[in-house]
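You will see subunit A twice below: alongside subunit B first, and alongside subunit C after that.
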Partner chain A sequence: MGDIGYVALVIAFVLAAYATGASLIAVRTGQGDLWLSARNAVWVTVALTSLASAALLYSLLSRDFGLRYVAEYTSRDLSIPLTLSAWWAGQAGSLLFWSWLLAVFAGAVLIQNRRQNHELTPYTLSVIMAILAFFLGVVLFAENPFEKLPATPADGLGLNPLLRNKGMLYHPPMLYLGYVGFTVPYAYAMAALMSGRLGNQWIHASRRWILFAWLFLGAGNLLGAQWAYTVLGWGGFWGWDPVENASLMPWLTGTAFLHSVMIQQRRGMLKVWNLALIITTFSLCLFGTAVTRGGILSSVHSFSAGPLGWLLVGLIAVVLLVSLRLLWERMPDLRSEHELDSLISRESNFLFNNLILVGAAFAIFWGSIFPLLSEAVQGSSITVGPSFYNQVTGPIFLAMIVLMGLCPLIGWRKASPENLMRNFLIPVSVALAAGVLLYGQGIRSLAALLAFPAMAFVAAVSLQEFYRGVRARVRADRDNLLWALPRLVWSNKPRYGGQIVHLGTILIAMGVASYFMYSTSASAILAPGESLSVGRYELTFDGVEQRSTETRDLVAANLAVTRDGEPDGTIMPEKVLFRRQQSVMTNIGLRAGLREDLYVILGSIGDDGRVSIEAFVNPMVTWIWIGGGVMLAGTLIAFWPDSRERRRALHLPEMELRTLESSRV
Partner chain B sequence: MSRLALATMLLMAFLALEGSMMAAQAQPSYTEAEVDAIAGELMCECGAAVTVADCGNNTIANGMRDIIRQQVALGKSSGEILDHFATLYGECILAEPRKSGIGLAAWLGPLVAIIAGGAVLGGSMWAWASRRGRRREPPPTSHQDLDEYERRVEEELKRFE
Partner chain C sequence: MAEGMTGRGATSRRRPLRTPPPGISAAPPEARFFRRRRFLIVALVVVAAVGALIYIGIRGSSMYYMTVAELNAQGDAAYGDKIRLGATVVDGSIQSKPDGVTRFVVTDGTNTLPVSYEGGLPDNFDDGADVVLQGKMTPSGIFEASSLLTKCPSKYKPSGKGGSAQTGGSPATSSGGE
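Let's look at the complex of A and B:
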């Protein structure tokens, strides 16, 4: 099976390179036959990468330990779901996964454009297939998942114990869907530059791809945070590690892009900026892959090192050089169709929102590469740890929240004083009330007194939008109050989907801010009968329990919990020894709630029966995961096909279409 | 490498209870809050890319905590203790760059970038808006490019407020 997979990859690589050139020549020379041939090459590439992926999955499931990759990442004791997840557990497999996703996306672009965008599609495909050819080349010549071992071992090494978790099934693929997904809007942008069709066509064509990639990158980050929180067992969910930073940066610039394209759609402005943003976002996606898979920055998550990192850095350099050169050449054709009407307008607000989002991404990038820079300058590396990021990004994120609230309140073009007064009155009152309430509750931290009222302000803005819309519907259309809200949301999915995303963001911000400001912890070495107090909890150590399974030994500390002096069950953090790998994992004791989580880690166990225990009370962390669900729901609503959109596409002339489309977001 | 180091460290922690921490607990001539504050400014040598404060109870983190306790007990200031660690392990042991020398560039980089970006943006917007004003373009007609639904909401609101 390995041979079939390898041969499929060789042919796919050749065809991807062929499709790159053929698409480009076909569109430049108008050769319809060549374009048909290029499209066929894309479809065969999709089939061949699928075949290679199926061959790898078959080898993994059939425990073909003659293949190095299978022997290194699976073992006979591994469950079937985790065996399948070995596809992306190692470098070579994950690069094949990257390539397969990109090939499938290329096919989806062909389907999406079978009746439209005939001028853009060949260029778009050419860019996607060039990037695919690069990755297939890396898989073939540097990281071959079908490499054979000289002798077949009886069993494999098995998956790293840290990866033996259900999070492994969905967190990496989600991040990859995001990283790879941003290739498509980037390819559309390049197609616009190459073809000279610099209007909104490429933005219309890539809108859903942008949302798709943004959604999966965000969801991947959040699920990674949840994995870190519940599995890695160090008490937190975000450690500002280079790999975490690398996946947050393109999400931030992607968020900026999602907002700034609205200005181009609506007003024909910021064309250069939008192109620069998508180039940056895609480059950051490649940078993220280089950090994660290539180990170019020192990280607890970097899964390997080798030539891949520097190959990807080379690809980033090529992408930047070619893209910026194209952008420079087209600069005279990218003038704005309109000018800014007023400094107080939604356009200006969006621009500052962009500044803050890109500024946050830059701050994180700067912190991530500073150890390398300092080493190059002074010969020794300077560490940039979590406290740096917390101090630097905290104020930036606060500004982002405030701008998020301001944006929907300020009208397009020019906001009148009446408009401002009417829109601001309730949200500002709510924010002030929240501030007074918190002060009354004894909160004296300036950060908290700024952050939480700012969040209340944004939430009030979003809820006010819904309230006004529902009220107007009830009064104008005589809608039933119960049905008015879903009908309102359905009547303008991008707009209200976006507001729901804002509400989800606020829930996440609330959880994150509460955790960073008010998390408390305590640690102690306890003999049986001794207690540890943390927050309103007291934990009394009642002894250890031991059990063994076929592959591991588990030791749990039995801790009786009292909350506010009342007995409240037990919590049992564990240590797990994986016998074969001789590695120890921590299974935390977690009692999650809407108000706070009780989070307990078993540190070590002494021969005398004493244990070291570390306990945290983390307020409102559950709201981070709930907020993620709300964001997901909002994005899906914004993503959902809209019948009005289709009708307009069919019947309205382009200018009119552009005005209507843009006004809806 | 760091993953291996983490696993090895945990295994060591699993097998041996640290006597040092208990010994240190017997002579509290400092507060644990002081120790925690300094532990939060030092990276743990275990390789897990977390601070000593976040690293929990393991041999390496507890060893570093013991050094902090000894230094605090000797009456040394936070800065002196950080210097002591930097001498022992190199500058990379500090969890954040110093606010002097080359470390200052780490702190100022994002600030300068955002201020410069804001200045360029603000300047361009002002030039943009004032250029438009000089050309005396007709003011935007009300609801010119609001969609039908938005217009209805606005009208309803006016009628009822």
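Let's look at the complex of A and C:
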């Protein structure tokens, strides 16, 4: 099977390179035959990378330990799903996964553009196939998953026990979907630059791709955070590790891009900015892959070193040089059609939100590469810890939240005072009320008194939007109250989907802020019968329980819980010993609730029967995961086909559209 | 489309229904310049604020990232500074005490350094593990770590087989500027 996979990859590599050149020549010289041939090459590449992937999966499942990759990442005791996850667990396999996704996306771009964008698509495809050729080349010449071992071992080494978690099944592939997904909007942007069709065509064509990539990048991050939260040793749900940072940065610039393209669509402004943003986002995706896979930054996720990191840095350099040169050449054609009319308008609000998002990404980037920079400049490597990121991004995210609330309240072009008055009255009152309420509860920290009212403000803005829409529908159409809300959302999916995403963001922000500001902990070494109190809980140690399964031994500390003095069941944090690997893993004891999580870690177990216990009360963490679900729902709604999009594609005059869609001014 | 509106007919009436020709706004040139400059000033303020935050943050929370050799070379000068240390745990050196303090020795291959650390241990903390420690040197020659992170290789490696030589985060490469 390994040979079949390898040969398939060789042919796929050649065809990807061919398709790159052929589609470019075809569109430059107008040769329809050549374009047809390039498209066929794409489809064959899709088939061949799928075949190679199938060959790898088959080798993994059939425990073909003659292949180095199979022997290093799987073992006979590994469950079937985790064996399949070895596709992306290791370097070589994950690069094959990258390539396969990109090939499939190339096919999807062809299907998407069967009847449209004929001038753009060959360029788009050429860019995608060039990047695909790079990755296939790396797989073939540097990281071959089908490499054979001189002798076949009886069993493989198996996956690191820490990674034997269901998180392994969805966290990495989701991030890859995000990283690879941003290749497509980037390719569209390059197509726009190369073809000189610099209007909104490339943005219309890439809108879904942007949402898609953005959604998966965000979801991948959030699921990673959840995984880290439940597996000890990774420092809570977010540790500002370089790999985490690397996946947050393109998400931030991608968020900026999602917003700034709206200004281009509505007002024909910010064209250069949009192109620069997608180039940056894609470069950051490659940077993220380089950090994750290439080990160019010191990280908790130190997967491997090797040539890959620097190959990817080389690719980033080429991408930046070529893209920025193209952008520079097209500068004269990219002038704004309008100018900013007022500081208090939706455009400038979007612009500031963009600056802040990019600023946040830049701060994180700076912190991540500071060790490299300081080493280069003054010879000693200086790192910045989590406190740097918390300190820097805290105020930035606060500003972002405030702008997020302001945005729907301020009309396009220029807002009038009475419009501001009418829109701001309720949200500002809600924010003030929230502030007073918190102060009354005895909260005196300035950060909390700023952050939570700001979140209340944004939530009030979003809910006000929904309320007004519903009220108008009930009055005008005599919709009943039950149906007005879903119909409202359905009538303008991008807009209300976006508002739902905002609500989800606020829930996440609420959880994160509460966690960082109000998490409390206590730790103690307990003999049986002794107890530890944390927050309103008291934990009494009742001894350890042991059990064994086929591959592991488990030791659990049995802790009786009382909450506010009332008995409330037990919580059992565990230590798991993987017998064959002699490797220990901790399963935390977690009682999650809407108000707070009780989170208990079993430290060491002494020979005298005493255990060390570390207990946390983490307020509102559950809302982070709920917020993630709300964001997902909102994104899916925004993703759904919408009638006004079709009208936009028909190139209705801009003014007419704006009247049709008039939000408030 | 009618149902696409939020039903606020009054608002759309209030808006002037004129499209300014592309590139030209109705205002006189100097007003346009002023508006643009006003916008630029606000943008610069935003950029400056982010820059200031980064500057203050870096000054407040930066730490030297060192290897054992570099730390030893510093001698007495290193006492009290907050330091990040990347190294490998020496086989058989880990002693966990019931009071929650763990003592172990780390190495970069040639130099060694004793470490004491109080707190919960990550699961893959073991002989030969690559660790990133945060803490400071004490005059007693023991590195007091306040945080301990282990690196997470995606494949399992049998312990005690020169783990540092084959992992990506080995101290030798760490000092190369990671």
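Here, the second predicted complex is superposed on the first by the 639 of 665 C-alpha atoms of A that agree within 3 Å, B and C clash if a C-alpha of one lies under 4 Å from a C-alpha of the other, contacts with A are read in each partner's own complex, and residues count from 1 in each chain.
The rule we apply is simple: a contact is a pair of C-beta atoms (placed from the backbone, for glycine too) under 8 Å apart; a residue touches a chain by one contact, two chains touch by 3 or more.
These numbers were taken from a predicted model, which means no experiment stands behind them.
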**Study point:** Combined model on subunit A: subunit C and subunit B, fit or clash
**Key:** clash
Check your understanding: Taking the superposition as given, does A:236 touch the first partner, subunit B, the second, subunit C, both, or neither?
Key -> first
**Study point:** subunit C versus subunit B, contacts on subunit A by residue
**Key:** C
Review point. Can A:90 be said to touch subunit B (first), subunit C (second), both, or neither?
Key: second
Exercise for review: Please work out whether A:266 is in contact with subunit B alone, subunit C alone, both, or neither, and reply first, second, both or neither.
Suggested key: first
Check your understanding: Can A:584 be said to touch subunit B (first), subunit C (second), both, or neither?
Key -> both
Check your understanding: Does subunit B (first) or subunit C (second) touch A:429, or do both, or does neither?
Key -> neither
Exercise for review: Examine A:372 and indicate which partner it touches, taking first as subunit B and second as subunit C; both and neither are also allowed.
Suggested key: second
Exercise for review: Once the structures are superposed on A, label A:158 by its partner contacts, choosing first (subunit B), second (subunit C), both or neither.
Suggested key: second
Exercise for review: Determine, under the contact definition given at the top, whether A:487 touches first (subunit B), second (subunit C), both, or neither.
Suggested key: second
Practice item. In the overlay, answer first, second, both or neither for which of subunit B and subunit C A:62 touches. Key: neither
Review point. Which residues form the common part of the subunit A surface touched by subunit B and by subunit C?
Key: 160-162, 234-235, 239, 298-300, 339-343, 348, 351-352, 355-356, 359, 362-363, 366-367, 370-371, 380-385, 387-388, 391-392, 396, 468-469, 472, 475-476, 491-492, 523, 525, 581-586, 601, 603-604, 606, 608, 610, 612, 614, 659-660, 662-664
Practice item. Mind listing the subunit A positions that touch subunit C in their complex? Key: 72-73, 89-90, 157-163, 231-235, 239, 268, 295-306, 335-343, 348, 351-352, 355-356, 359-360, 362-363, 366-367, 370-372, 375-376, 380-385, 387-389, 391-392, 395-396, 411, 416, 419, 468-469, 472-473, 475-477, 487-488, 491-492, 523, 525, 581-586, 601, 603-604, 606, 608, 610, 612, 614, 643-644, 654-655, 659-665
Point to revise | Partner subunit A, residues of subunit B touching it in the complex | key: 2-3, 6-7, 10-11, 13-14, 16-18, 21-22, 40-41, 43, 47-51, 54-58, 90-97, 102-103, 105-107, 109-110, 113-114, 117-118, 121, 125-126, 128-129, 131-132, 139-140, 145-147, 149-150, 152-153, 156-157, 160-161
Review point. Across the complex, what residues on subunit A touch subunit B?
Key: 160-162, 234-236, 239, 241, 266, 298-300, 339-343, 348, 351-352, 355-356, 358-359, 362-363, 366-367, 370-371, 374, 377-378, 380-388, 391-392, 396, 412-414, 422, 468-469, 471-472, 475-476, 491-492, 523, 525, 575, 577, 581-586, 601, 603-608, 610, 612-614, 659-660, 662-664
Check your understanding: Along subunit C, where are the residues that touch subunit A in the complex?
Key -> 1, 3-8, 11-12, 14-15, 17, 19-20, 22-23, 25, 32, 35-36, 38-39, 42-43, 46-47, 50, 53-54, 56-58, 60-66, 70, 84, 86, 96, 98-100, 119-126, 130, 132, 134, 149-159, 167-169, 173-175, 177-178
